[in-house]
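I've put the structures underneath this note.
Both of the next two complexes hold chain A, though its partner changes from chain B to chain C.
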Partner chain A sequence: MTSVLRAQGLGKRYGRRWALRECTIDIPAGHVVGLVGPNGAGKTTLLKLAAGQLEPTAGDITVLGGRPGGSPAQLAKVGFVAQDTPVYAGLTVAEHLRLGARLNPRWDDAMARERIARIGLAPAQRAGRLSGGQRAQLALTLGLAKRPELLILDEPVASLDPLARREFLQGLMEAVAEHELSVVLSSHLVSDLERVCDFLIVLVGSRVPVAAETERLLATHYRLTGPRRDPDRLPAGQHVVSARHTDRQSTYVIRTDASIHDPAWTVGQLSLEDLVLAYMEKRPAESRRVALEVQR
Partner chain B sequence: MEEPVIEFHLDARTGVSPYLQLVQQVRHALRLGLLREGDQLPTVKEVVAQLAINPNTVLKAYRELEHEGLVAARPGVGTFVTATLTDTSLAAHGPLRLELRRWLTKARRAGLDEESIEALFMTTFRTTAQEDIA
Partner chain C sequence: MIWLTWRQLRGSATMTAALLVMLVAVLALTGSQLAADYSSGIASCTRGEECAGFYDQLFDDYQIPFMASILVVLVLPAMIGLFWGAPMITRELEAGTHLLVWNQSITRTRWLAVKLGFAGLLAVAAAGVSGIAVTWWSGPLDQSAPPGFALMDPLVFSARGIAPLGYAAFAFALGVTVGMLVRRTLPAMALTLVLFAAVQIAMPLLVRPHLIPPVTSAFELGRENTDGFGINRDGTFDIRIDAAIPGHTGAWVLSSELVDPSGRTIAASGQDGRVEGVSTTSGACAPAAGPPDGCPAEVNRLGYRQKATYQPLERFWPLQWIETGIYAAFTAGLTWFCFRWIRRRLS
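For the complex of A and B:
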């Protein structure tokens, strides 16, 4: 299967601060990919690197087999909708479409007009007078009518009310079903992405601790609760994602491909949200011993 | 385009994965006779446009139903119901409900309250379901 995005040791530094480091991921085509992480984790940096709006400081990134922003053909294949779905406030809806047609070689004018009509946007309306939801739909229409193979959206629904959010995602999923494009979209809320994504990248503190198909994530992560136990005494195949201890009890979130037979543990499944939150807790690999000793 | 025969919904709190919820809703509609042989299921595009879910979720659900022999996909046209679930299982409902009632009476007599009964039922249900998979 072809990769839509492949990164090897990818890093981006601003001055002395690393916004993204040692990022190695490989995303197969045909997915709707969710990029989740807290604000400031490096999501926008990763997306801009993929869109060719930033140059990496370290490592490599290829998108649809080419260097991001490397050629006009590459630019035509990748759509990018920046944060807060920017539009030109002084231009009308119709003028946005004309601009899109002029700037994009693969522009699908019929699709753009049909979408604008269906959403109920008046072509003569100035973009500055649109509601947040309408503005987001206009930006989405421009991104889709470009007919990209990959559409990248940075926090597209963060500023929308629940109804506009649902309508936005409905339109996006409809386009995915119809045109078989790959999508990468970011959010700081897992709940926004849970229904639409089938691949998830978690980004915490400028690093990617996990990236995989959501089904695989849900099938390989467990919550273990039982009598207090040191992490060193867990089987080799169980990777600790997060750990909490009281005097008597331990609660672990672990990742493993094997099934869990230890009768001492109560084994629970995790929701996608809990799973992501577990990765957002302090990294246990570096601080597991310290954490145990501090609490003793 | 014709109105779809059934409409799907998703419950976020059940813990049942979305694809399985779709499968269950089709099976349920078949059992109740809401869906009959020859009916067309909503297209993938219709389902994702309504529920705002990933198209692969719908495709997976439809593949599962196809695998069970309940529906068949006609490329370029849609997915159609090819079997019925009504006659065989509906007849069994009565006796099973009776047995379940007797069991519930026994459980209450043994001192179990509603929550304990539900917990006992669900854990047994889950362990047997897991044993079936294993």
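For the complex of A and C:
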């Protein structure tokens, strides 16, 4: 299977702060990929790197086999809908479509017009007068009608109300089914992604602890509850994602390819949301421990 | 891409065009009247003195529009830098639309090239139209303007010929560059104005006089370069010289001094210089001798001279070309920087 996005040791630094560090991922084609992580984790940086809006400080990234943003042909293959779905406030909806038609050789005008009509946008309306949901739909239309092989969306639904959110994602999924494109979209809410994504990348504190198909993630992560036990005493194939201890009891979220035989554990399944939260709490827990050791 | 550039520039370009059309219309209406006044006045004056009086009268009549037209030509490039150049990139950055447009199937280098090229040409064309119209209108006045308002004088020079084209191109490129670096429209506009004004002031004061090494030579005193004489109570004699140079009408006089026979500077133009050895009781400079027409010759005989450093009028076009070339080079440098910056740093 070919990769839509492959990153090797990818890093981006702003001044002295690393927004993204040692990111190594390989996303196969044909997925709707969710990029999830807390605010400020580096999601936007990763997506901008993939779209060619930023140059990496370290490592390599290839998107659809090419350097992001390197050439008009590469730009034509990748659609990008930026955070807050920016559009030109002074231009009308029709003028946005004209902009798309003029600047994209593969522009699908019939599709763009059909989508605009279906959403119910008046072509003569100025984009500055549109509601947040309508603006997002317009930006999505621009992204889709250029007929990319990969569409990248940065927090497309963050500022939308629940109804607009559902309509937006529904529209996206219809287009994905129709045109067989790969999609990467980011969100800080797993619930947004859960419905549409079949591949998940977790990004925490500028690093990527896990990236895999959601089915595989769900099948390899477990919650173990049982008598208190040190993580060193877990079997070799079990990687601890998060751990919580009370005086008597330990709760681990682990990743393992093997099945779990230890009868001392109560084994529970995780929802995608629990799983992501487990990865998110892992880092702060580690750094807290480091801080305590330093104080001692 | 040209369509998008035009679409984004349409409003301000149309407004500028409307103002230019108004300017040209006003100049065309008053300019034919001015030309008629000039030719009839020239035809009716015969002697030099009469014509000088007519020139003064004509200039007085048209002084306000003359100054206003110069102001328009000088201010237009600044306005272009402020309202076309500075917001060009900052507006995209502030609205986030750069992320939209940079992700169409067009590299941002090409995007910038079209924007800079298209808007830059319009800017230069606008400055060209205003410059040509004003140069044509003030043609008769430039023939006859008094010292201080002649073609080579700093303000007038900047508003004639091809220099305004260079100013407009430079102001536009400066606005775009500052906008890229500052990333906020209002501060970028303010900084553009300050920088452009600084360059426009520094150019005539510090640079232009030395673009071609100025000519320095000594001139005999006469009607043209003598402002007046004075006899002090103690019987000493003073002479005050002018900034004009005999035989070089319209030259840009950078300095004019009275020097004594040994070459020592006694006084700058406009100041009284003590002349030793002039008889104030008899001879051409004595009050009793009537009008002091022969007095300068007397001072010349003693070896006093006017020492002047100047750029002659014939250098108008060479200086225009050199100055425009300098601004073109500035523009090219800023443009190069913009392309570098947009590839490397901006996102």
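Here, the second predicted complex is superposed on the first by the 281 of 296 C-alpha atoms of A that agree within 3 Å, B and C clash if a C-alpha of one lies under 4 Å from a C-alpha of the other, contacts with A are read in each partner's own complex, and residues count from 1 in each chain.
Just so it is clear, a contact is a pair of C-beta atoms (placed from the backbone, for glycine too) under 8 Å apart; a residue touches a chain by one contact, two chains touch by 3 or more.
Not measured: the values here are computed from a predicted model.
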item	value
Clash or fit (per the criteria above) of chain B with chain C on chain A	fit
Chain A residues touched by each partner, larger count belonging to chain B or chain C	C
Touched partner set for A:Asp26, first chain B, second chain C, both or neither	neither
Chain B, chain C and vertex chain A (Cα centres) - angle in steps of 10°	150
Partner chain(s) touched by A:Asp262 [first = chain B, second = chain C, both, neither]	neither
Touched partner set for A:Glu178, first chain B, second chain C, both or neither	first
Which superposed partner A:Val196 touches (first chain B, second chain C, both, neither)	first
First (chain B), second (chain C), both or neither touched by A:Leu169	first
Partner chain(s) touched by A:Phe80 [first = chain B, second = chain C, both, neither]	second
Chain B versus chain C - smallest C-alpha distance in the overlay, whole Å	25
Chain A residues within the chain B interface of the complex	30-32, 166, 169-174, 176-178, 194-198, 215, 218, 269, 271
Residues of chain B defined as touching chain A within the complex	10, 12, 15, 17-18, 44-45, 48-58
Parts of chain A lying in touch with chain C, wherever the complex brings them together	48, 51-55, 69, 71-73, 75-76, 78-80, 82-84, 86-91, 95, 98-100, 102-106, 139, 142, 146
Residues of chain C defined as touching chain A within the complex	1, 3-4, 7-8, 95-97, 99-108, 110, 344, 347
